[in-house]
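Labels for the chains are A, B and C, by order of writing; each one numbers its residues from 1.
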Amino acid sequence: MKVIFRPLFLGLFVFSVFFPFLSIIIWSIAAGWRFPDLLPERYSMRGYSIAFDPNGDIVRGVITSTIIALIVGVIATVIGSAAGRAIAMYNFKMKKAFQFLVLAPLIVPGLAVTMGIQILFIKYGLSDTVRGVILAHLIPTVPYVVMIMSGTFANFDRSYEEQGQVLGASRLTVMRKVTLPMVLPGLAVSFLFAFVISWSEYILTLLVGGAAVKTLPMVLFAFLRGSDLTLVGAASIVFMIPPLILLRFTSKHLVGRTSSVTGLGSV
Amino acid sequence: MTNKNITAPTSMFKVKSRASKGKLKERNVIWLVLPTALVLTTLFAGGFIFGILQSLGFFSVIAGDEEKIGFEAYLNAFQNETVRAGIILTFRVAILSTFFSTIIALAISLMISRTKRFQSALIAITQFNIPIPHVVAATGILLTFSQSGIISRLTNHFGITDGSSGFPIVTNDPFGYGIIMSYLWKEVPFLCILILSALRGPVTNLDETAKTLGASYRFRLRKVILPYIFPSILSGTIIVFAFSFGSYEVPYILGQPYPSTVSVVAYQLYTNRDLANRPTAMALATITSVVIGLLVYAYMKLTQQEGRK
Amino acid sequence: MKFKLLRKLLVVMLVATIPGIIATASSSAIGTTTYTSPEWKKILKEAKGQTVNWYMWGGGANINTYVNEYIGAEAKKYGVTLNQVKLNGTAEAVNKVLGEKQAGKNTGGAVDMIWINGENFATGVQAKIWYCDWATKLPNAKYVDWTSSSVNSDFGLPVNGCEAPWATASSGLVYDSKVVPKSAVATLDGFVAWVKANPGKFTYPAPPDFNGSMTVRRLFYYANGGYSNFLGTYDAATFTPAMAKTATFLNSLEPSLWRKGATYPANIGDLEKLYASGEVSAYFNYGALSSFANVQTGLFPTSTRVAAFKEGMIGNISYVTIPYNSPNKAGAQVIANIMQSPAAQMKMQVDGVIGSPAIVMNKTPLSSQYRSLPIHPSSTSPATLAKNANPELTSAWLKAIDAGWIKDVQQK
């Protein structure tokens, strides 16, 4: 009994990870799928031809979302890593207050903050613009990067940097040749989180971009409010692909010996 | 400089070393901190404070309402039936998802860490849902568990249920089952990677030592493993709870028009044609933030006491 | 010598004004004063190179295709770029302009045009955020019957040249003829009886969804024996007993609705998903005349039909309006004019975009072509739906009925 318990439970887990995708995939290639049919009567690629139409909303959504998520990912990773290093390796005045400031966006719903700031965004011409959306996306992403990188830097051995400096290398060279390679796993995971959060963000984009900035979540949400489930299915599949590709490249750093995700474990 | 060989073994010992080295004081730390501080202060703190101000009546849209500064919006929020029902629903959904996702993630992580065969495959599978956007997750749950979803079609085919209306209602339902399922589907993997990472750390050494000293798995679990990974679990639970409480997309797709969770209600109030509802929306958002904050604080205090035992 | 030249000049000038006189004369024959030729030329010149941000409900695939591909292409011929901004609800666009006015942004607004009517239009009128004095002047306005009360008054509120008609939406009952017999859809009485005898197959979206609001409104008329008592300004004394009657009726209907009325679909898209998968078999829809498009893609069953009750269906006209702070008013007017052209209006019906034309097709050169348009079996003629049409009520009634439904039916 005990012998089969673990494989059964784990098997159930694996099944539940993949099962919900089945209905999305089937709907994406269905030409109508009435209840009680187990499978659609007819299949069609209509959903995907609309999805990959270069002039269509989905392609434009992919481009917009990619640009925004890449920029957000880079900015959040850069400034968050600096802050993470500061928290992990230094003591400074107002450190506790700074840590609180960094953690608070994880507690306070993004909706609350964006509703509050909208009037300022309109006044300063940031609403309905891509740069306004990028700024808004920094709010939920930077805290994750700070936490991950503070975990990475907590396990970081300064003596390597010091050795580099002693051997005569400039600060910049030390950073490039010593620090960067050592914290690369952490940076990779940080970028993954920041990118995925920005890529998936809906309500912040809606409030700041105001339907004028057409990211992929906005497009998918609009389809979900319509009646065409085939299109919803195809758009969902397209929506999933870029983040999964990014995961493929960073997955070995997520759970590894030098795992930086432990940083998230020190709220 | 390859880090794989050098960092891996030494990092296990280095965890404590920064404490022995002591934290550094440096003037230049301000440059590390400044960009993040600037971004978060202006956008986050600024937005939050502006929201509170608007909830108190400042910056009113309706001309001539400048005298109406006060807590009226908060009164309106508490008297609003939709808000009250929404708060109850949100609590239920957030607490249940957080509780079950933590337990399930803990169980799975421990099982995976004890499994030798297929371990890397299992870890890869665990990570699979992390980059999936919540909107897609909610769509998947909706299309799978709705009354005309794939499971209903299967049970109908085999005569277990009769027709679409014979299938139990677990999506767009009053209890919030669909919402909870969607949260579980995304949050269990997230918590798993937190816990699995912690399990890979220095605790393995301590565990090995205890094992050689003859301790049973149960004993090691209670006295060595769990206390060690506790901070990660705590941290993950807080993040998951706060997210479940404040999320918009999932309850919108899998919930009902009434009652709906606080974020959905807040957004509806904010975009309502009657502009007098805007301060009420801000009031609700502020109340939500305070509630989550208090709960997190209480949770941390409670578990810190437990940890000291 | 000088006088000869002067006389020639005078004659030339006089002759040059004749086309202008003829133009204004013929347009005032229909009762509107359109832009004079030089005025319109100026607008066309200004519009060249502009990008018009048209904010509209984005949940209709056919509407989106028509707007982006057809209207967009036509606009390009005038050098105007059309940018459709899809909304979850028209209120979002109204809110945006309101927010801009609140922030003091009186020029350079983000919204150039909004597809709108009813309550949303009324909110804007109240807040004074519409650009006016243009809608009746468009060249194609000559095809619009501005004397008709269904055109010059929007849910009871005078249009006053602040919005241009786009489409007529006559609601209809969309149903699956394999499940609902033809005899059950002849009268509303008969349909209600069928619903009670066949539980779980009918429902409506929760107000304030546009179609949900319309269904509740139609059943409000039904429960009160007609609409005649409610045509004037809102009156609480008349409303309260009428709402009570309606709530009693709707609550008695609940056990026969989908999910026994314990919940309602959030919007028309969710309801159509239910229809497409077969969970429900009938619903009311402003866009009933576009259902056939879903049959063509295979989403809806081929047994889909559209019916109008003998007691009449609710219909209205939807418009486009231009916010006061739009920086592209010329381009927006050019597009509004394109939308009102006979070719565009006819294509709208043929492609199953929204409903039927808002212009009088009989007065256009395409009149005979329009009359001989084929009707898809899963659709019906606009005339059928418009027979015995029930009017809309003013915003105050709408708000009250929606709020009454939420309180007395949904929250019970």
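Some points to look at:
The rule is short, and it goes like this: contacts are C-beta pairs under 8 Å (C-beta built on N, C-alpha and C of every residue); 3 or more make two chains touch, one makes a residue touch a chain.
Treat the numbers as computed from the prediction; the structure is a model and nothing was measured.
Most remote from subunit B, judged by the distance between CA-atom centroids, is C. When C-beta pairs in contact are tallied for each pair of chains, A-B comes out on top.
For the pair subunit A and subunit C, the distance between mean C-alpha positions equals 40 Å.
Chain geometry summary: the mean Cα position of subunit B and that of subunit C are 42 Å apart. One simple way to say how far apart two chains are is to compare their mean CA positions; for subunit A and subunit B this gives 15 Å.
Counting partner chains per residue, subunit A shows two or more touched chains at residues 35-36, 119, 221, 224, 229. Counting partner chains per residue, subunit C has residues 92, 99, 102, 270, 277-279 touching two or more of them. Residue positions of subunit B touching 2 or more other chains, listed in rising order: 59, 148, 164. Interface of subunit B with subunit A (complex): residues 1, 3, 7-8, 10-11, 14-15, 17-18, 21, 23-26, 29-33, 35-37, 39-41, 43-54, 59, 107-108, 111-112, 114-115, 122-137, 139-141, 143-144, 148-150, 152-154, 156-157, 163-164, 185, 188-189, 193-194, 196-198, 200-201, 229, 231-236, 238-239, 242, 245-249, 253, 263, 266-267, 270, 281-282, 285-286, 288-289, 292-293, 296. Here subunit C touches subunit B in the complex through residues 89, 91-92, 94-95, 98-99, 102, 119-120, 123, 200, 206, 258-259, 262-266, 270, 274, 277-279, 406, 410-411, going by the rule given at the top. The residues of subunit B lying in touch with subunit C in their complex are 59, 61, 81, 147-148, 164-165, 169, 172-174, 256-258, 271-273, 275. Residue ranges on subunit A touching subunit B, taken from their complex, read 6, 9-10, 13-14, 16-24, 26-27, 35-38, 78-80, 82-83, 85-86, 88-92, 98, 101-102, 104-117, 119-120, 135-136, 138-139, 142-143, 146, 154-158, 160, 177-178, 181-182, 184, 192, 196, 199-200, 202-203, 217, 220-221, 224, 229, 232-233, 236, 239-240, 243-244, 246-247, 251, 254-259, 261-262, 264-267. Contacts from subunit C toward subunit A in the complex involve residues 53, 55, 58-61, 64, 85-88, 92-93, 96, 99-100, 102-105, 110, 267-270, 272-273, 275-279, 294, 297-301.
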